[in-house]
Amino acid sequence: MISLTDEQLAARLALDIPDGAYVNLGIGKPTHVSSYVPADREVLYHSENGIIGVGPTPVEGEEDPEMIDASKRLITVAPGAAFFEHADSFAIMRGGHIDIAVLGAYQVAENGDLANWATQDEKFPPAVGGAMDLVVGVPCIFVMMKHVNKDGSPKLLKRCSYPLTGLGVVNRVYTDLAVLDVTPDGFRLVELTDGNSLADVQAVTEARILPPS
Amino acid sequence: MISLTDEQLAARLALDIPDGAYVNLGIGKPTHVSSYVPADREVLYHSENGIIGVGPTPVEGEEDPEMIDASKRLITVAPGAAFFEHADSFAIMRGGHIDIAVLGAYQVAENGDLANWATQDEKFPPAVGGAMDLVVGVPCIFVMMKHVNKDGSPKLLKRCSYPLTGLGVVNRVYTDLAVLDVTPDGFRLVELTDGNSLADVQAVTEARILPPS
Amino acid sequence: MDKRIATLEEAVAPIQDGASVMIGGFGNSGVPFGLIDALIAKRARNLTIISNNAGAGDFGLGLLLREGLVSKFICSYPRSRGSVWFEKAYAAGEIALEIIPQGTLAERIRAAGAGLGGFLTPTGFGTRLAEGKETRVIDGKGYVFELPLSADFALIRAERGDRWGNLSYHGTARNFNPVMATAARHSIAEVRELSETPLDPERVVSPGIFIDHVVEYGVRP
Amino acid sequence: MDKRIATLEEAVAPIQDGASVMIGGFGNSGVPFGLIDALIAKRARNLTIISNNAGAGDFGLGLLLREGLVSKFICSYPRSRGSVWFEKAYAAGEIALEIIPQGTLAERIRAAGAGLGGFLTPTGFGTRLAEGKETRVIDGKGYVFELPLSADFALIRAERGDRWGNLSYHGTARNFNPVMATAARHSIAEVRELSETPLDPERVVSPGIFIDHVVEYGVRP
């Protein structure tokens, strides 16, 4: 099967970020999406630690150690930006003001349940961060992840087995193999990575994938 | 009996505002208190419409129509001031951050109940403003009022007959005739306006007044 | 991203009969007089207005009331000197009134903007304004349960704005404006000065994410 | 009114064993490193720390943890790269952990500062972090009831301060600092620059009413 690289996946997802959107990019790989949004679209990025208007990584010598995003990466400030404190930042998240959030995931279920903060592996202390606030507040939740785990086990499931981040919150899943919508009937195929067949993708997916409607 | 004028009463109360205090002066007569606080005390005045650091009335020609206090009087800004919005302003009031509030009253009961927002007269629409937030949030509530109504009926009562602003919230009452503390045992005399006797004041007070302890 | 709109008239065009409208201001400070005038000219009727005061005289909220466009008023203090049109409509039974303690009004609006389902406030516990409401005693202190309060529209007055809708304010004209901007499905800001350049991000009080349209109205009351 | 204090050591002097201490910051941004160092030097023990992260490396919160001065940690995300001292103490069962979704953490702190008795948030509804908590469904949406969270002390990092305790911040170093300043019985601010003149009242983010002491610490991380 044809598998997109992380960068190709970020570029694919970026096409679906419309001009004028307010977007929150989750920590880790989702932060790469902004590099691929077409230059003629003006998108304002929110970061939970108190900014709307996250700009690109600073050039060397112009870093400001107190200017960071939720991934703790150094950032610059885009035109039209604003700073605010944490209670206000999460009011923005929870209150439905952000248009789209892009998150990583361990598991997504066909009912839209998301598991992205804890596994059953209890070796490490639990850590939740801001994901639970994003998923209840942002009307459009995009998940961006590998279609299967490293051991080949599925991540798109009938029901999540890991602790949930939110119930019925995911709208669309972008994987290296396909793009799928979460519908009242379950996962529905939006598009396949060029070269893949629905049968191939279904074979590595626990949940049923409906054909495009 | 000897009755203080409104200005004398404001001056008497002002003596009890300590240096370094954060104070909210209720609308109407309490706003006069600030004029009488001794000049060697630095007091910061909060106004519910979004300022700490209310300064004196502006001189003619320097008025700013958008710089007002809760009584809608034109104000200036004192050194050390800050502006903020309404939700924050009432968080300050409700959250216990202000040291003293000075309010007018229709009635005060010996259990500390305060009635200062509505009478039984329903001719006018009800109007509550910010008094209910002040009395639950500010640890020290001073009431400043005439000892009796114009018709001679008492305002210091066993129980309030008008709708309450707050339950058991008043700490001290300053009237034209006397100063009284609200204690677990009821009103206790702090001082009499020069020339008055406790018996005289008691005669125009429905609640019992205990002698100074 | 350009939220600028050319005229007050266009700015209020989406407001239809029966809409709920938050209007910033305290007394005559921070009131979006330009947008209110445009709303009166539009003659949208049967409005629910959420604003701290009920106007005074024959301008602003007073004029909106005089013209009979308001069927319900939600506020904390409708009885300022000169609130004659409100008093007349109220006495005639032509207007519904919901009176809310001022801090509870601000906090209910904030709760709506912040996506909360309600909160417990000590304000009003044991008083007439808590009658019929759910209450709770925690550690000996009484609280009243209050629900969020949102609206279809918010009319906001600010000092400066930019094309992203970022706003800064002037003195005590800030008051209810920033919190109301967060709690409406459609927030319209009238600014004394539209800046060609972005506002300093450290000085922005209302991030543009809360604002749908911004229109210049240079008059200061 | 003069809230300035000469040294970090004097600033943290009131913090005793067993105190609960809110500490601002997110990652290494907006962390009051000077005050934390002074707290470590003081060797107050058995502390309950409320902070978003659990430090990284051998400085700041990491050092406080390495020195064994913390018995309980309340946070949203203790697992940043380099949070080795927290992980060690947690694995050894030497530290209690209360994990709270980040927005609920911020909002619980705000509720304490704002005098509220609690609130309903949709965050965490139906998840493990809501187990055992009171829940409610309103208009088909599930909410979790959360209580306010206060502390004995707050350690705040700001950019500029004045003698009245008014504070302004720098970029994303604002984060938890303003809200924590509202929720402690005693709030201590470390500022990069103490201003001789009052801050511009339009630019104040934390009004001085929330701050008990302010101390200059010019080092920027």
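We just call them A, B, C and D in the order they show up, numbering each chain from 1.
To be clear about the criterion, contacts are C-beta pairs under 8 Å (C-beta built on N, C-alpha and C of every residue); 3 or more make two chains touch, one makes a residue touch a chain.
Predicted, not measured: the structure shown is a model, and the values here were computed from it.
Minimum number of contact steps separating subunit A from subunit B: 2. Counting only chains that touch, the fewest steps needed to get from subunit B to subunit C is 1.
Just to note, of A-C and A-D, the chains joined by more C-beta pairs in contact are A-D. Computed from the mean C-alpha positions, the centre of subunit C lies at a distance of 33 Å from the centre of subunit D.
Rounded to a whole number, the gap between the C-alpha centres of subunit B and subunit D is 35 angstrom. Here the CA centre of subunit A is 28 Å from the CA centre of subunit D.
Under the contact definition stated at the top, the residues of subunit C that touch 2 or more other chains are 107, 110, 114-116, 121-122, 169-171, 202. For subunit A, the set of residues touching two or more other chains reads 51, 77, 83-84, 90, 93-94, 136-137. Going by the touch rule set out above, the chain pairs that meet are A-C, A-D, B-C, B-D, C-D.
Contact residues of subunit B toward subunit C in the complex are 47-51, 64-69, 72, 75, 77, 83-87, 89-90, 93-94, 118, 123-133, 136-137, 163-167. Across the complex, subunit B is touched by residues 26-30, 52, 76-80, 86-87, 90-91, 97, 99-104, 106-107, 109-110, 121-129, 142, 169-179, 205, 220-221 of subunit C. On the subunit D side of its complex with subunit B, the touching residues are 1, 110, 112-116, 162-164, 166, 182, 198-199, 201-202, 204, 207-210. On the subunit B side of its complex with subunit D, the touching residues are 19-20, 22, 42, 44, 46, 51-53, 77, 79-84, 90-98, 136-137.
Chain contact summary for the complex, subunit C toward subunit D: residues 107, 111, 114-122, 136, 138, 141, 143, 147, 168-171, 202-203.
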